[in-house]
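This structure is in structure tokens; I'll ask about it shortly.
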Amino acid sequence: MITLARRWGSLAALLMVWEIAVVTRAVDPDFLPAVHTIAAALWDLVSAGEIWINLLASTYRALVGLAIGTAVGVAVGLLMATSRAANGFFGPLVAMTYSLPKASLVPLFILWFGIGDTTNMLTVFLATLLPVVVSTYHGVKAVPQVLVWSAQAMGTPRAQILRRILIPASLLSILTGMRIALGFSWVLTISAEMIAAKTGIGKLIFLYGENGSYAYMFAGILAIVAVAYAADRAMVWLMHAALHWHDSADLAGEH
Amino acid sequence: MDAAANGATWLGQAAWRAVKFLYPIALVILAWAVAAHAGWVRPLFLPSPQAVAEQFWPMLNGGEIVAPLFLSLYRAFGGLVIALVIGAAVGVAIARTRWMRWGVDPLVSVAFPAPKIAFMPIFILWFGIDSVSKVLLVAFTCVFPIIVATYHGATTVSRTIVWSAQAMGTSERELLRRVILPATLPYIFSGLRVTVPVALITAYTAEMVAGGGGLGSALMYAQRFFQTPSVFLYIILMLLSGVVLDQFMLAARSWLIPWQPEEDS
Amino acid sequence: MQGVSHIRVERLTKHYESREGRVLALALIDLAVDEGEFVVIVGPSGCGKSTLLYILGGFLRPDTGVVEVAGRPVTAPGVDRGVVFQEYALFPWLTVAENIAYGLSTTGTPKGERAAVVERFVRMIGLEGFENRYPRELSGGMKQRVAIARTLAYDPQILLLDEPLGALDAQTREVMQDELLRIWDATKKTVVMVTHDVNEAVYLAQRVLVMSRRPGRMIDEFRVQVDRRQGREAVMLSDEFNGIRNKVWLAVRRQAVAAAR
């Protein structure tokens, strides 16, 4: 009970203060809808089904882009860590494009592919690629030499070193990169939808804002925050499960 | 060996390093140029590198580069400073006091994985589409990683260092200033370095979505009128702004925290 | 095989790259180890003894010279030379049993037989009940035992030990030294061990080789003829042991002091 209070206490307190402030008109309800109004709006969206279609569209785009970005990212990261030539080629490209806001490519993609899933997923793909490449690369580079040497001394063929040694040993790093990429996937999907889209929660939020339906706008934001939070929790759970053997304190770090 | 020969080898080595670093980028540009000139794609979709480069001077003279760029940078920087001050303060506070940690932890836990760009309509509602809303959005987005980095740094300060200082008669107040803060500085800086691109990206994205000047708005404007070379140019400018700022951060780091050994990015 | 050393090194040199340029690590090393011998190499820190071991293991290539095992040149790591590193190098994602079984999987032991072999070695190192634990749950001494068991399980002819007891506390060290002797006695393997601890070297070895400071050369050799059946206390208090130990210690110390200047 105490732990529950500790975990959510300040949030609950925040919501209460918020509700009281709006209900007593200390804050203008036009600018900040009361908690109960937002809750009602959210309920309306959930039962009317409007939110599901859009949430699903956004989630689909984010996760597909993430999946492809992760797969390619791990492959490139592994390649860069094991081949000097690959590192020499991809390294500068990675360093350069790190600073590029991938959302800036959305207008270009709209020009090339029009408004729709392709633009969105391509943007997410590119955004999730880099953190996974970098974390995979660093993870593999950090594998202690003696682990590889031991495996070689015990007769592990070259082709198996990657799968049996390098990947398990760098798993924490890889999964941490994936977790960061997961966060990015939401940001880019929403950004792309707000810039131009036909469907999606980002678009929905934007529309409500333009129409002045602020309670619904807040509700939409709340919905995506909840989804992103749940996804992150799921990822953390996955990491704990996959890394139960890991002795690092990093595993306990939730942020 | 004489200085001239030494200088020549150093220059030669530096040149070689530059070549090694730039050749993939040069290859990409080359591939781009070939694709554009071979006519596989219409210039509307893929302008040649020259066409993009040719846009630079007219746009510069037309005031379409410097003003928007500095506006975006101002917003990113402003938000970052706010995030730094608040984030570092909160980070240290929650590292030292338990009840503050209980209070702040849930808020950070929920906010961290959330796509903060989704909150932008709220900021627009409250502050309009001008710089204020964007600066605050940048601050809102950047404060959390800085809190986490600072907290991490403050809690990693080795016990024995703190104990040594206390044994030498350091008061709690002094402890904070003379021991914990300097020891935490590298972590804050690391957090900051990672957050700088975030600040830039948030500023640009906010401008792309809501307008109100800046490089992001200019990009959208160019796209709306199908001025593809300008679109490319703005993208490259955004890219370069990030690279330059990162280099700047690296330089600032060795100046501000000279005692910390360099690690690779 | 009479007359042919199990391990033979002739005129070996090795450089490495550092910020100051090319540094000579090993200078014209000659070494011959017979089958079943327990040889220990001692020397001051940084003298290159670990580098020599890594070359024997096939992880590093010499610049010049001959390195042969059983008459054939060493070019790569191989299952004939088992290695135990100072850091244990256990695979943290595998349990104790899985770590020990690793070498069995790569050397083609049929799956059905592996469990029995693993169980035998688990019992040998005294870790019954810990088969399904992960390395992070083990103490330093336990990890070291698993590392040794893992290397022995697939029966390499040679054991290369790089300061295997370096990370252990003094008491555990002594226990493990006796453990090592026991295992060597039972398995009759050829052992080349590297250590900076002179007491340990003389206690374990049949022959102690002293290496100079960097660049490393073999400067001294001592045959240890001590009756180990007396037990540790008698051995360590005996005149024979201490006589040799003092000579070795002096030789190493002179190198360490010269290196420090």
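Each chain gets a letter, A, B and C, in the order it is written, and its residues are counted from 1.
In this section, a residue touches a chain if its C-beta (ideal position, glycine included) is under 8 Å from a C-beta of that chain, and two chains touch if they have at least 3 such contacts.
Because the structure is a prediction, the values reported are computed rather than measured.
The fewest steps needed to get from chain B to chain C, moving only between touching chains, is 2. If you tally contacting C-beta pairs for each pair of chains, A-B comes out on top.
Among the remaining chains, C is positioned farthest from chain A, on the basis of C-alpha centroids. Work out the mean CA point of chain B and of chain C, and you get 50 Å between them. Between chain A and chain B the centroid-to-centroid distance comes to 19 Å (mean Cα coordinates, whole Å). Chain centres here are Cα means. That of chain A falls 48 Å from that of chain C. Within the complex formed with chain A, the residues of chain C that make contact are 54, 57-59, 76-79, 81-83, 85, 87, 89, 91-94, 102-103, 106-107, 134-136, 150-151, 154.
Chain A makes touch with chain B in their complex at residues 6-11, 14, 31, 88-93, 95-101, 103-108, 110-112, 182-183, 186-187, 189-191, 194-195, 201-202, 205-206, 208-209, 214, 217-218, 220-221, 224-225, 228-229, 231-232, 253-255.
Every residue of chain A that touches chain C in the complex is listed here, in rising order: 144, 146-147, 149-157, 165, 168-169, 171, 245-247. Interface of chain B with chain A (complex): residues 20-25, 28, 44-45, 102-110, 112-122, 124-126, 148, 152, 197, 200-201, 204-205, 208-209, 216, 219-220, 222-223, 226, 228, 231-232, 234-235, 238-239, 241-243, 245-246, 265.
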